[in-house]
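Handing you this structure, nothing more for now.
Per-chain numbering from 1; labels A, B, C, D and E assigned in written order.
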Amino acid sequence: MSEMMWTEKYRPRTLDEIVNQEEIVSRLKHFVKTKDFPHLLFAGPPGTGKTTAILAFARDLFGKYFEENFLELNASDERGIDIIRTRVKDFARTRAIGDVPVKIIALDEADNMTADAQQALRRTMEKYTRTARFCLICNYSSKIIEPIQSRCAVFRFSPLKDEDIAKRLKWIAEQEDVNLTEDGVQAILYVAEGDMRRAINILQAASALGTTVNSETVYKVTGRARPEEVREMINLALSGKFIEARKKLYELLITYGLSGSDIVRQIHREIYNLNIPEEWKVKLAEYTGDIDFRLSEGAHEDIQLSALLAHFALAGTQMRKGDKIG
Amino acid sequence: MSEMMWTEKYRPRTLDEIVNQEEIVSRLKHFVKTKDFPHLLFAGPPGTGKTTAILAFARDLFGKYFEENFLELNASDERGIDIIRTRVKDFARTRAIGDVPVKIIALDEADNMTADAQQALRRTMEKYTRTARFCLICNYSSKIIEPIQSRCAVFRFSPLKDEDIAKRLKWIAEQEDVNLTEDGVQAILYVAEGDMRRAINILQAASALGTTVNSETVYKVTGRARPEEVREMINLALSGKFIEARKKLYELLITYGLSGSDIVRQIHREIYNLNIPEEWKVKLAEYTGDIDFRLSEGAHEDIQLSALLAHFALAGTQMRKGDKIG
Amino acid sequence: MSEMMWTEKYRPRTLDEIVNQEEIVSRLKHFVKTKDFPHLLFAGPPGTGKTTAILAFARDLFGKYFEENFLELNASDERGIDIIRTRVKDFARTRAIGDVPVKIIALDEADNMTADAQQALRRTMEKYTRTARFCLICNYSSKIIEPIQSRCAVFRFSPLKDEDIAKRLKWIAEQEDVNLTEDGVQAILYVAEGDMRRAINILQAASALGTTVNSETVYKVTGRARPEEVREMINLALSGKFIEARKKLYELLITYGLSGSDIVRQIHREIYNLNIPEEWKVKLAEYTGDIDFRLSEGAHEDIQLSALLAHFALAGTQMRKGDKIG
Amino acid sequence: MSEMMWTEKYRPRTLDEIVNQEEIVSRLKHFVKTKDFPHLLFAGPPGTGKTTAILAFARDLFGKYFEENFLELNASDERGIDIIRTRVKDFARTRAIGDVPVKIIALDEADNMTADAQQALRRTMEKYTRTARFCLICNYSSKIIEPIQSRCAVFRFSPLKDEDIAKRLKWIAEQEDVNLTEDGVQAILYVAEGDMRRAINILQAASALGTTVNSETVYKVTGRARPEEVREMINLALSGKFIEARKKLYELLITYGLSGSDIVRQIHREIYNLNIPEEWKVKLAEYTGDIDFRLSEGAHEDIQLSALLAHFALAGTQMRKGDKIG
Amino acid sequence: MSAIPWTEKYAPRRVSEIVRNTEAAMKLLRLVKEWKPGSKGILLYGPPGTGKTVSVYAVANELNYEVIEMNASDTRNVQNVMRIAGSAAMQAPLFAKRGRIVLIDEIDGLSGREDRGGLGAIIKVIKNARVPVVLTANDPWDPRFASLRQYCKLIEYKRLTMWDVVKVLRSICQKEGIIADNEVLKEIAKNAEGDLRSAINDLQALAEGRKRLTKGMLGILARRDREKNIFEVLRMLFSAKTARMATFALSTADVDYEMLMRWISENIPYHMNDVEELAKAYDALSRADVFLGRIKREQNWKLLPYAFELMSAGVALARTKSKFKFVKYSFPSLLRELKSSKEQRDLQKKVGEKIKKRCHTSVTRAINDFLPFIRTIFRSNPEMGAKMARWFRFNEEEIAFITGDSKSSKEIIKLLR
């Protein structure tokens, strides 16, 4: 049970081991060589290797002095800028150890900091600029205030391609003696949406249920409905069988314990796979947006989703009648 | 001589007596054997045996020390998390009595707690983890915050099958010397909608009218119960009798103590049972969705629900005039 | 690397060096001459030279005694009014040094103070009125309580003209040996929206990528999409190619690392450049407002942006049909 | 510069100086003469002189013994049941000092007191009638519990008329040697919205810009747009000239340094001066309220204000077509 | 220097001087005279200003008793009640006096928090008293007084009629040497709604120092009569033809917006005869409520004007077809129901608690899922009902509530005995 998280176990240790984000890796390797580099800003969606990259970079740079010269903080964990300041101060006031010019402070989820806190951070960055470099990690660089941006070299991480994630999953499955079926891979890709960390976590969780990982075990551990079931529910509604569609909905909500916001997202994804005229997809997409908003405002899941299905049912009837969209 | 509610009289006492939800029962039996188990989360529709399961589990586990080691709370009765905390503290600060590792605290309707209250609950759960386990009971597991879910073993209770309920009803009728006709069974199943508790209550009330229970006596009994009042309110509104409909609404709010969202939910379910054109059902459902949204945004339930009834009155008039939906 | 911020390096030192806001500068020069002036309130958008103006004014006024007589505080940094009071007290209780009548205390972001804190500030201002003058700097004077306003001379800073910013950028580029292309200038102006500080920050950040700054590098460092691409996406939607428009959307989100709210703002700006009847622009502007709000409330980005494009697609269909707006 | 606030400088000290609420003042003067009066309850909107009245009354009544015999508890003081049972009782039970019949205890914002505290007050009022009188000040007398109302003479303060405020402003301008033009008076009245204190503050602020106060200086210091210009913008939008209306909007924002919510509120006020059907006014106000709310929730100003104007433009089209409101 | 307000100056000193409620006061006098240890306490109840407290002092005056009083201005927790009222009730009176009354005034004013346990202590004092204990209350039916009521004899004080009040006012005017128009006195009396004290206060406020009192001097008095005010507001609002008129109507209201909204909601259907108008008016009201919700959640009071406009102009302008007609406005029935059903609901809750304990469920579910069936059983089969009542341990009051009809409840109770 004291098993390691696979995301850690199989995290690339050095820049050489990172297979994606080639351009970024090559720029970082350059920095390792010159030992001269500015503050860094890593921006991109979750699970695209930002943390992996900075860790590998620091290891390559610091070698055996990695521990002494690298500090990792999380902006949303550490309560407030004060804590950050104190920890940075303790860490950065002494010179880097070993044959390296500066220490590195990685600050994760930096876009969760308020503008005020970022201002304070800016001043801290300026203060320790002789002894340390910051690497700010965030989802959106636009949420980082400009005075900081203009001091950083910005690196953009793009989402991983499905085939890259699939390859990695299969390789890990092999290492771990897990029988990962093809539909299992597809299910993981569906749920992970380009997030490598999530994909690996799902694989590990699913493999805890038994040595075979297939679509069934994947959907079980992730608390997602099978896309087919969502599609079935939509098709029931579109074909006018509203009562049955709603029954399916309750099944998803109650039996699978899905949240309304998950279901709405899944419905939204399925719209584009439906075999209906594009103009109707447009219409449905617009209405789904309404319902999504209401759910985010705290309206009741069952009622709002039923209303969504009712709307689909009406759309279906009109489609069959060949009505114009009104 | 006293007469019990049959739901209690025939409630299974031990896990062995529970005939449905086999998988769940077998997992719980395993816990009884090992005397080692995590916090529990029971999710599922009303009347599927969640309370029965935790009671039977606790009895099997604690034997004669059941009373001392089992605490039952209801999140919607206890005013606020503070009261819950106090009662939990009083109960959980002493060690379990008898040869058992921990006490059990069952918290019903846990999904009625706000997210903040749940956060506080989480901390309480952590605090007494040496002396007590929680069993959270709810309808929608998605309404339980993630940090709690991830600390619990989740058990999903599926709706009972009609044949299972029928079997139980017939068995109880036999024990009680009640002549339960086949159409009586069907009538009960229709009204109970998969809720065992409701089914048994109907049987008992109907048998109070005479020793034969048939469809007629069943409807006599259920005619006075609640969903019919909601339907009546809707029909009053649709037929333009707004003031009377509103009176009914106030009755539901005051006398029955229903919350606005309970009522909206019930209205929403009733719409599809109404004898009106399909497209109007969709229209009404959509408007009900609007009001549900406004309830979540607004301040006064009575105002929002009155607005809903006024709209139904308008829709009713337009239907009668054969207007197109506008 | 320990390079100075260009906004500081190229900030005008004296009133004479300030080229915009002529009226304000001339009034301030008058104050330098008479050495008699009231409390000041500088209001205007970010990057219009408010801080520059007070610094230059103070330098012109105090000459070599600038340091001793000038105190700069930030209302949102300094925790609460208590700190401000203490620091003001320490600073203002002694007379001004040199041949000047009073000291100056500049209080930035004064509109971020609560009304209560402003009341306390008012009393502080009254207390030290013999030895010091305050200069409150804010975006909106209407957020300053009236009792303070009524004690201050109000100066309004208007946004800088694009040509003025362009001139400054080119001059700085020359000083810094940066090759700033004409489309680079335009891109900076597009993103900076009349904010000089932002414009200079962008120039500095872009020049960190290489010695040539063109539109590409600007959009890269600022995390903005090229306006042309946004326009292309909108046109795809309007011409009914909804699925393609969505594809373009995801491309923009990924390539530039845009957040949903970034892209909505860019879409909004492009509406007015579209070649469609004005009445349709109206329609689109209204709906964009809805989506912007929903995103700010935390609805799902992908669903809401799809809904926005769907709306554009529907509008396009109606436009082609020559429908009236309904 | 160390000038006093005019609101204090010109606050009436004696009943004779109060020019409004003549009837109430004349009653209070009678009381001063007879030195005999019941408990008082002053009800009315903010800024109508309730506090001024009780202060002046107490001064006239007590003369030099004012301090000793007058106790004022206001909203910022603790006024829970404890204080009523201790501090108020202590003050009330000892005899008045000097040649005066009773002490006076003024309770400001009495409608914000808890019901408990009000209950505690009722017998206190009776028990100490020989030594003290209470004056309760509130906005709505209905928020005062009936038993207390029953113990008081209730006086209603009506909102000040514009001409009364104008008179006062002119008088102060005279005292201060300020040249206050007629359009300056009108502008102050527009911004002050019936609040005397605010009106005087504005006069003081505007007179700081120079000895003449006219509409221009007033709008300048208060950061308000001229109502005519706002109306012009709205009319542009309503007549379908959306792009021009937006241009006007930006002009107003820049010229007057308005914030988004400032302009929204001015738009809101002008709606009721428009020459459009009445029901449209409500409809437009409703949408304006939505935009106001969205801005407070952090949506983007430019997008939301455009959406507001767009909505006006669409409404204008429908109005011209004579459409019903949908 | 005299500084006695008229309410005190002209307060009755003898029982016979009590206006309107003379009989109630006589009854009090009798009960106090006949009181002996073991007798019940005496609870005087009725609206403010009907003479409850004054009666006690008048009785004491006539009998030469002293009065030891505790009221809402005193902390009335267990300790204080026992220390003050308790010891006073246990001891003999001062020798100069023939007896003593312990007066516990204004028991409505007992604070839940500060006066914790006070009610229980008061009951204890009554039970062990050696002198009569008299209590006063505005609303004795408040459920928290349920057990207190069992230890008390109740005496009701009624609102005074307008003529009662006018009579008193006129006699005061005579004594003060003021000539007052009859109309003025009538107006003051009407405004007081049967509350003599408030009428005297108003009279003093208006007439103090004057020789003559005419109708034109009435203007500064605020209406105590909230209903009358709200009727005028509603009439103005529903008849408004412009948005400005409607919002103005609202601004003259002397009640807060929550209450206003309830009043408007209640009376919309009486003005809007057309369902389309009805739906429109309610839509506006519902939108107003959405704004109120936002205001509450975000504490953003700047949004209040929008809510006001929607609930006034939005509602008023929905009426486009129906003619404006005179409507006799009703008090918000939701609030009336809530108030009048309070006792029933408390009983229901107690029943629910008992079901909850037996059936492992929540109170709400007990009321919704169990109670209807139990009720059916009780009504149609008293025998089974009695057995169930025994199991649930329902008392007689609860049985009567559950059945809702006296015949079957009597039958069940008989079977139980």
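We adopt the following convention: a contact is a pair of C-beta atoms (placed from the backbone, for glycine too) under 8 Å apart; a residue touches a chain by one contact, two chains touch by 3 or more.
Being a predicted model, the structure only gives us computed values, none of them experimental.
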item	value
Chain closest to the middle, measuring from C-alpha centroids that were averaged per chain	D
Farthest chain relative to subunit A (centres taken as mean CA coordinates)	E
Label of the chain whose CA centroid is most distant from the centroid of subunit B	C
Between subunit C and subunit B, distance of the C-alpha-averaged centres to the nearest whole Å	55
Centroid spacing, where centroids are CA-atom means, of subunit C and subunit E in whole angstrom	59
Approximate Å spacing (C-alpha centroids) for the pair subunit A, subunit B	36
Cα-centroid distance, subunit D relative to subunit E, in whole angstrom	33
Subunit E: positions in contact with at least two other chains	287, 294
Multi-partner residues of subunit B (at least 2 other chains)	297
Chain contact topology (line, ring, star, complete or other)	ring
Chain order around the ring, beginning at subunit C and proceeding next to subunit D	C, D, E, B, A
Subunit C-facing residues of subunit A, complex	36-38, 43-45, 116, 119-120, 129-130, 139-143, 146-147, 149-154, 156, 158-159, 261, 264-265, 268, 272, 278-279, 281-283, 285-286, 288-290, 292-293, 296-297, 325
Residues of subunit D defined as touching subunit C within the complex	1-3, 5-7, 198, 201-202, 204-205, 208-209, 220-224, 240, 242-243, 246, 254-259, 262, 291, 294, 297-300, 302-304, 306-311, 313-314, 317
Residue ranges of subunit E in contact with subunit D within the complex	1-8, 47-49, 71-75, 105-106, 108-109, 111-114, 138, 195, 197-198, 201-202, 204-206, 208-210, 217, 219-222, 224, 226, 241-244, 254-256, 259, 284, 287, 291, 294, 298, 300, 302-303, 305-307, 309-310, 313-314, 317-318, 320
Parts of subunit E lying in touch with subunit B, wherever the complex brings them together	258, 261-262, 265, 268-269, 275-276, 278-279, 281-283, 285-290, 292-296, 333-334, 337-338, 341, 344-345, 348, 356, 358-365, 367-370, 372-377, 380-381, 384-385, 387-388, 390-391
